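Below, chain A partners chain B and then partners chain C, in two separate complexes.
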Partner chain A sequence: MKKSIRFKIVFVALVVFLAYTIMLNLVSGSISLSYKDIIDVILGNRIFTELEYNILFKIRIPRIISAILFGIALSISGFLLQTFFKNPIVGPFVLGISSGARLFVGLFILSNISIGFIESPLITIFLAAAVGSLLSMLLVLLFARKVDNISILVVVGMMIGYIASAGTDFMIAFANEHEIAALVSWSMGSFSGIGWNVLRLSAVIIIPTVVLVFFLSKPLEAYLLGENYAKSMGIDIKSFRLVLIILSSILSACVTAFAGPISFVGIAVPHIARLSIKTSNPKILVPALVLLGASFCLLADYFARTLFSPTELSISTVTSVMGAPIVIWLMVSRRKKV
Partner chain B sequence: MIQAANPDVILLTASMDENTLKMIESLEELGINWIGMNVNMENDPRGRLEWVKYVGAILDKEEEAEEFFERELKKIEEIENSTLESDGVKPKVSYVRITDDGYTVKNQGDYSVKMLELAGGDYIFKDLNPGKDGTLKISAEEFYKAAEDADIIIYENMGAFVGTMEEFLEKGDHLSGIKAVKEGRVWVTKRNYWQSADKAADMIKELRDIFTTPHGELEETEHYLLAK
Partner chain C sequence: MSFLAAKDLQVGYHKRIVVDNINMDLNKGEILCLLGPNGCGKSTILKTITNQIELLNGKMTVMDKDLNSISNGERAKYMSIVLTERIDPAMMTAGEVVALGRYPHTNYFGKLTDNDLRIIEESLICVNGMKLKNKQFKYLSDGEKQRILIARAICQESDIMVLDEPTSFLDIKYKVELLNIIKSLALKKSKTIIMSLHEIELASKIADKVLLIKDGKIYDYGAPEDIITDEAIREVYNLDSGYFNTTIGNIELPKIEEEAKIFVIGGGGKASRIYRALNRRGIAFNSGILFKNDMDYNISLKLSNKTIAEDEFVNIREEKLEEAKELIKNCDLVIDSAVSLAGIGKGNYDLIQFAIEEGKRVLSLRKEDIGLGLINYNTISPMIHDVVEYLRLVKN
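For the complex of A and B:
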């Protein structure tokens, strides 16, 4: 099959899948709302009751948008890290970056520190997560300079994650039970209760960053073909690598700050996208990641909300169950190739 | 730290989970005496209150404990009788605690639901795990669906203190659609609310006052605060 036709088929399939997961989340939940009900409202044949309106516009739709935004952010963040390390088994969670963000957000939650010139606690918490992410990333990079073996680097990332978790636990040991409750509930990871103010800020951070990544497709492609080739294309490798790290950290920090640490999306989605579309060309892959990342998180959130209703699972529980088998399979298949 | 305090005995309030068993093992290794006190497993506030007799026996203050228990029990009976005699419509009430990962509400069999019922309230989640104590984390939708026409919301503070209606509404845009919010009848628990088993009678009386006092005439009790 010609490449261009395959791309078109895959993209149509991804768009249909995204539309399906959006509709699934729109109609599923505590109150029954069928596709027909929604179509009737659109056609003006009926209006929503107050209960339906509030549940739809104040609970389900903000949650759908957050799953879309954060799914995209995690997928692109994972893709940038995988490009940087030229290895598909790295992601923000694996390399301890999410744990670093958790440590710093925990520090802010438990100590009530405020940054003088910033009034919004939302921006403060995002900056805390971003600093935590970047510091963890810098640590990984320090080791990356000395270690060529990616397996060892992944283990180093895991160790950094453990150290960051130990730091968080250390703070918890000295916190009162009320502060612990706040930190623990945030650490579970959820799209629940995310309001429009958080969504607006997340959109302002995530959308321009993803657009920037898309416009970096050409240098990304050159970088993927090898550093010497990239250099020959006039790319300053050091600066470019720094840009990759900063963009990836911004995206994962945004998710960690507002939805808590969410595992496996950053590894699993880029891999599924590469498998589906059968190319590593960023110009094709980035839009595919946007569509698939959003669908993946929407589907995970649908299971989190409905599997054990009325109670709700943490989003990481579902993304782990959906993503971990993919990562295991990926590691096993890489081993076979070696 | 516990060993440095050199206690004669430790009253251990816990369940038989792995952590408790480890704790018991450590205490025994250190030669520290402990006595189990499962007040947390009671699903009636009067049962929780009765543990004062157990503590009284340990501290050789049985008479004082018995006297205290009977006095508090009588107070609860008086409230219960006044509730039973009342022919007014019971207000629909919900407990809730909202965190980043969901809405924590009480199971039907929890002691605090019994307190609410003794005070004349109608718990909106009475079908939730009947007979089971403790709490359950539910989704925002489940909570909203059940609480939409609740007359009174009791917000159980844990974590950042919620003291005003504005702070309560920061927990979710949809909460503004709940009847209790529209009518300004959201009460929050004060910092002295938790671990007050000995204050059960007073707390039930406060709930009774909250349910029966015309709206606007009561803004604060010892354990509850009206969110304004």
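For the complex of A and C:
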């Protein structure tokens, strides 16, 4: 009974926190809008000026929605990978999957521009990212088969990430200035300048995938006992593993395609969620990850925008500072236990 | 028709055969133990039975249903498993681990009904695990973890349970507790149980049938009382040195092959500890006069250079006495284990008397004074200490 009370408290806190971070991002920025202004509009006491309307609906709200969507995608993707590898230290960025996606998107953007297409269809970019993340995932799996030690696997993932980055840098070296600007700002990772059409596509990809993950709660929980036990309870392990890989790759590919590689959210959020809610039950953890992933990225984006305003930091700068210490701490505390 | 039958199983990895020609048949409520040295193929057999690796050849049936033609989901209703591998289920409590046993029976979302909750509770009670229910699994001791994993398997409500070395990592208290649980599962819940064990002496106490495996071959299969013999164990485990007594379930190291300078007057089980203490320090000895129904006799046979023994329930005869006296004459020290000297044991009194007359030192654990000038000790170790000192002096 104590446990269910804890769940309720944590969920209320998470919802409040999410609402708070949304409001925070709504009102803060170069043009200040007060909570009162917004509430007045909602109550019908006044209407937005054209400037206010444009800032809210063309800049801030799309940015908030992208932080929410991509925060959810990264957290769930990290959670799936952690379940798959039975290890809390892995995530799409750590294993080099984001970098693989980045390489393929870069390849696509550059080759297309040089061929002459100015406007790249969004779906093609997403597919390029998906192929990139699946390929690097397969590479990681290939090594995972050979090494039992998870620390070595993480190092392998980092190396794959570096190689992919080197590939991207190589392409940048031969690109013209105009392309470099586009590629560099994209590959820094940012929630800014994402249009409604991108959000619509992302929502179509991310929301059904997350719902599907929630519907996999039962086998996901059984999988925590290890493959042999899971199999003995009736799970078709081969197809389940495949589903895990594909779902997590889709999620991280979507983020990388449209917002660029964003580090450490996939590790930090599941870990904070587990610690605060004290359960591994996916039925409870997945909704918690959705709420926390969204607010974590909203908060990170708030810092990125406001800390050194008017200069804007890249989102990964903030998430790294927030997330990397958690990874180090996790690795150290695991080493102690073994 | 037997409940569970295996016919000509061939098991192994990637087409490499590890064990061949496995046949068995079990009824409901029977326990099968797989016995054999490390690396003989026990685990490979269990892994095949539990479908962790593919069966190379042969057929396994449950009530005439082929176990290899059914899905994992259907198989889960027939068979539950307890493995040796360590699991790390993140933040799950023991109760949640047990509840996962209901997996094949719950709905799509794994919702536990009142009936499921009742079965989970019963399974926990079965392994004495109610107190552990709300603790985090990863903080339990090895014994507690093992019990929780067994509760999980019980809760799956399958007719067959397969356990891979359930007693390893457990100390003696938990071993006994665990085997009791397994036995009552077979007796009260009619579970058919297949398990591998390290402890030969435990297998013969719990198993209805035993599969003896040696170097990838089935050495023997049958009831433990028929097939677990000293000879079989010696062969299966390649016991070149040392000895295993299957009747009393006792292991001894090899005897010391030197000229014996010590004579132990033993009997009534009082000398076994002395034999082992001497053997441990590399001291050779002879022993007598023991009755053949005495526990000391069994152990003396394995550890003493010469054992003088008399038939059960008869007075010690003159010829045996003479034989023993001869050995005492040639020894440096005599040890008296405080065996009873009354009735048919009178002969041993004569021996002690003879030793004193011969001028031998007699070290004794006897509490009462029998007036022969024995050197008395309260416990064994100071006595053995003096024996070692004495032998060192004699040597120099």
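Just a few scattered comments:
Criterion: the second predicted complex is superposed on the first by the 329 of 338 C-alpha atoms of A that agree within 3 Å, B and C clash if a C-alpha of one lies under 4 Å from a C-alpha of the other, contacts with A are read in each partner's own complex, and residues count from 1 in each chain.
Just so we're on the same page, a contact is a pair of C-beta atoms (placed from the backbone, for glycine too) under 8 Å apart; a residue touches a chain by one contact, two chains touch by 3 or more.
Bear in mind that the values here come from a model prediction, so they are computed numbers and not experimental data.
With both structures placed on the common chain, the touch criterion links A:228 to chain C but leaves chain B unconnected. Once the two complexes are overlaid on the shared chain, A:236 sits against chain C while remaining clear of chain B.
For chain A, the partner touching the most residues, choosing from chain B and chain C, is B. After overlaying the two complexes on the shared chain, residue contacts for A:217 are found with chain C alone; chain B is out of touch. By the touch criterion defined above, A:50 reaches chain B but does not reach chain C.
Of the two partner chains placed by superposition, only chain B is touched by A:60; chain C is not.
By the touch criterion defined above, A:283 lies against chain C but remains apart from chain B after alignment on the C-alpha atoms of chain A. Against chain B, the residues of chain A that register as touching in their complex are 29-31, 50-51, 54-55, 58-60, 62, 177-179, 181-182, 185-186, 188-190, 192-193, 195-196, 260, 305, 309-312, 314. Listing the residues of chain C that touch chain A in their complex gives 50-52, 71-77, 79-81, 83, 85, 87-92, 96-97, 100-101, 103-104, 106, 108-110, 156. Remark: chain A residues 86, 88, 215, 217-218, 221-222, 224-226, 228-229, 231-237, 274, 278-281, 283 touch chain C in the complex. Listing the residues of chain B that touch chain A in their complex gives 98-102, 128, 136-142, 144-145, 148, 157-161, 170-174, 177.
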